[in-house]
Each structure stands twice: as C-alpha cells, then as structure tokens.
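Every chain is named by a letter (A, B, C and D) in the order it is written, and numbering of its residues begins at 1.
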Amino acid sequence: MATNPSPSLSVTISQADFDIAELQGSLQQGNAAEGAIATFTGYVRSDQSSGEVSAMELEHYPGMTEKSIQAILLQASERWPILSVKVVHRVGRLFPGDQIVWVGVSSGHRAAAFSACEFIMDYLKAEAPLWKKEHSEVGEIWVEAKASDSGRARRWD
Amino acid sequence: MATNPSPSLSVTISQADFDIAELQGSLQQGNAAEGAIATFTGYVRSDQSSGEVSAMELEHYPGMTEKSIQAILLQASERWPILSVKVVHRVGRLFPGDQIVWVGVSSGHRAAAFSACEFIMDYLKAEAPLWKKEHSEVGEIWVEAKASDSGRARRWD
Amino acid sequence: MLQVVFFARVKEELGCGRLELQWSEGSATVGALKEQLCQRENGAWRNVLSEDNLICAINHAVVDDAMAIADNDEVAFFPPVTGG
Amino acid sequence: MLQVVFFARVKEELGCGRLELQWSEGSATVGALKEQLCQRENGAWRNVLSEDNLICAINHAVVDDAMAIADNDEVAFFPPVTGG
C-alpha cells in the first residue's frame, strides 16, 4: 500500500567509527507515524575473562556478513511494524571504549522498537559471521561463543 | 564496594531540546566494564486518534515528576546491574517530529541495558505525573491514559 | 494550612490550579477533603472530583481516599498520567 | 573449480584463508569435501576441521554436512560467531 511503504533496512560493515546522532537522524524520514526510536550501542570492554584487554580485532566474512544481517532485519520487519532500521558493525582493530556495533529501530510505538532492536542484536550475536580476537597480557585469544547467546536468539522462536 | 560504585541515576525535566549524542556520551564514565548502552527516544507523532496534530503541550507536576522518575530509576538499578542511567523529559509546547523523552542505560551487557531501558519507559508512562494535550483541527484534547500502558508496567511485577 | 494543587484536565475543568485551605477535622483525610471540595461552586466541582480515575498525591506520593492529611501537607489531584 | 575459504581461528590454525580446488565426486558434499581437506598436511588439518562446532556455509548460506556442493560454489568453514 502506498500509505504503508516497505521499511528501510540498512546494513553497513566498516572499519570507520560512526556518529550515533547522524545514524539516529538517518532513521527519521519525516513520516507522520514516527514516534519511537530504540537503539543499542556496543563498546569494547577492557575487563574480559582473558584479563585486561588492550585491543580487539574483528574479522568478518565480506558479503555473507551483510547478507545475514539483512536477512535478520527482514525477519524483524515481518514481525514488528518497523518504519526504518539500521545496523552498523565495525571490523578491524578496536580499543577499549571504542564503539563496535549500533542498531537503531524506528517505529510508531515503543514496544515494537524495543523488541525489534533486541531481537536484531540477539540474532546478530548468534548468526552474523563476525569474530572477535582479544589482545591482552596473556597474548591473543579468539573469543569463544557463549551458549547464552544462542539461547537468547532461540527465545524469539 | 569500591569496585562496584553506586550507579549514576539522573533525571532532567526541561523545556529545552536535548542532544542525544551528548546525553549518550554523559553515560560513559570511562569504566572498564562499560559494554552496552540501550536508549529510547520518543517523538511527537502527527497522526493521532484525534486527527492530524499540529502541536502538543506537556504539563508536569514540578518536584513530584522528578521524584517519581528518580524512584523508577532506583528500582531499575536494584533489579539490573546498571552502571549509569539518564532520563530527560521535555515539557511545554512541542511540534510534530520534536523529541519528547530520552532514556539511556549503560551496563556491562546488553540484556540488562535493554530490560532496564524498557522497564523505565513503561513505568514512566504509567506513573510519572506528566500530561499531554494535543492541538488539532478539532480543538485541544487532553490525551486519555491507555489501559495498555498500565498493563505494560504491571508485567514487570 | 493545606496547599491543594490540581493539574492538567482537572485544573482546566475546575478553572483552578492552586488553593490554600485551613486544615480542619473536615479535611483530615483525602476522602473528607474531596467531599469538602465537591461542595464548592454550588457543587459544580463534584463532576470533576468524583471521577473514578482521579489520582491523589500527598507530598508527592500517591495515596488513596483513606489516607490521613496533616496540617501543612501539599495535596494534589490529577488525571491518569500520559507522559513519555 | 571450488572456492574454499576459512575464517578466524580456523583460518589461523590452518594457516590458510583461501584454496581453489577442482570440483570432483570426492568433494560433492560438505562431508566429502571436509574428509578430503582433513587429509591435507599429513592429516594435520583433521584436528581443526573435525571440531564439532565447525560451521560450513555454501554461497553465504549455512548448511550441514549432507549438503551437495556444485561446481563453482564458494564453500566457507568457520568457528561459531562472536560479533556484536
């Protein structure tokens, strides 16, 4: 329907840092129904199980990573009345306090915005081909997948 | 414990607009455990049940509004491991597309950040003494409370 | 003295945002104060203040009709909240 | 030809990010291709590729060991994902 256009679904994988105000602004399309934006930003923590982390490296599978996040956004848009959604995920070398990932969802009402945003993060953690390696005093360690992350994705089934 | 300081809980009621990047930045306190920030921004919608809204007025109960939101933040901080949380709510005359409310929660991990942010919005809608009046072609109408809003708050009990 | 304050639609419909009243036995509970206020303007206030969903707060805390009111309290009446 | 790609810990442990292999009957399913790869470097690859939680994707879609591989497919092997 002309009055209910397809939501805008956008994925960016990049080494560059991002500007959260610019990203949130880009979700707003001047639609009269825009009432709610929920966002999530993930940061590099320095206190990890491997010890005090000095840096992190993020690797991805170019092509598949974008495609798999796009598929998650499509699922979210079929499940909730989303107006616009954007995911930015950084790759390469990052340092404690750096922004890693941003997810923003615009919707008419808050319930859909919150649910879709959390759903996207849960699936991104469980399905998007991205891998973290931590650099610390004890050396370089590939982060192990957590069973709780696949559990959190499954609870939406 | 020195290693687990009390979370910072902040409430601002103001006529002035707010800058989401500045607000999100103020949640970050350089703590090594900061890994996740969830935010919610509410905007004035122009398509309301009373028709096409041209403006909105927000009234509050000075003193009680701040106090009741502070109590909600305290509850949230007892329930989830929050590092920092901030709520800004505007009052006075607002126009379609204007920002109304911002809630940001910083935590070590995303589950706590998402839950606390949504909990705070649900309780704010159900308990904080704030009232909206819509201006539209049909005149000025006080917005009626929605049963679904008190229901959404109760589901956390 | 009691400070009695009204907000939003209630304030508008009463045409009154703030009253100062002498504390008395007749205003020693929320229910009693409400009944006293209902008689104002030849009973015109009763329409507004007898609404089922009217909320009352004493000194910024929500209370019910049975709550006692002490001298110098601030008593507020307002409709269900609609912020956020 | 098959493009075979490896990522993250798997790539590092194999010391290999990308291989080109002739498509053959012996590499016509994921399981068969894996067995063929396991024999490389005198079986040193078996330690890495026989891990239970190894994930395989064909042309960017996750598949299981029974999935058929066609000529010109891109086949990826990688550990459980840890982004976000």
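Here is the rule we go by: contacts are C-beta pairs under 8 Å (C-beta built on N, C-alpha and C of every residue); 3 or more make two chains touch, one makes a residue touch a chain.
Values in this document were obtained by computation on a predicted structure and should not be read as measured data.
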Both-way neighbours, i.e. chains that touch chain C and touch chain A: B
Intercentroid distance (Cα basis), chain B paired with chain A, Å: 22
Chain centre separation in whole Å, for chain C relative to chain B (CA means): 27
Whole-Å gap separating chain B and chain D, where each centre is the average of the chain's CA atoms: 49
Approximate Å spacing (C-alpha centroids) for the pair chain C, chain D: 74
Overlap residues in chain D, where contacts from two or more other chains coincide: 84
Sites on chain A at which at least two other chains make contact: 42, 110, 121
Touching chain combinations (by label order): A-B, A-D, B-C
Chain C-touching residues of chain B, taken from the complex the two chains share: 42, 58-61, 63-65, 67-68, 89, 100-101, 121, 124-133, 142-145
Residues of chain B defined as touching chain A within the complex: 19-21, 24, 28, 30, 32-47, 52, 96-97, 108, 110-111, 113-114, 117-118, 121, 152
Residue numbers on chain D that touch chain A, as the complex places them: 5, 7-9, 12, 53, 57, 60, 62, 76, 78-84
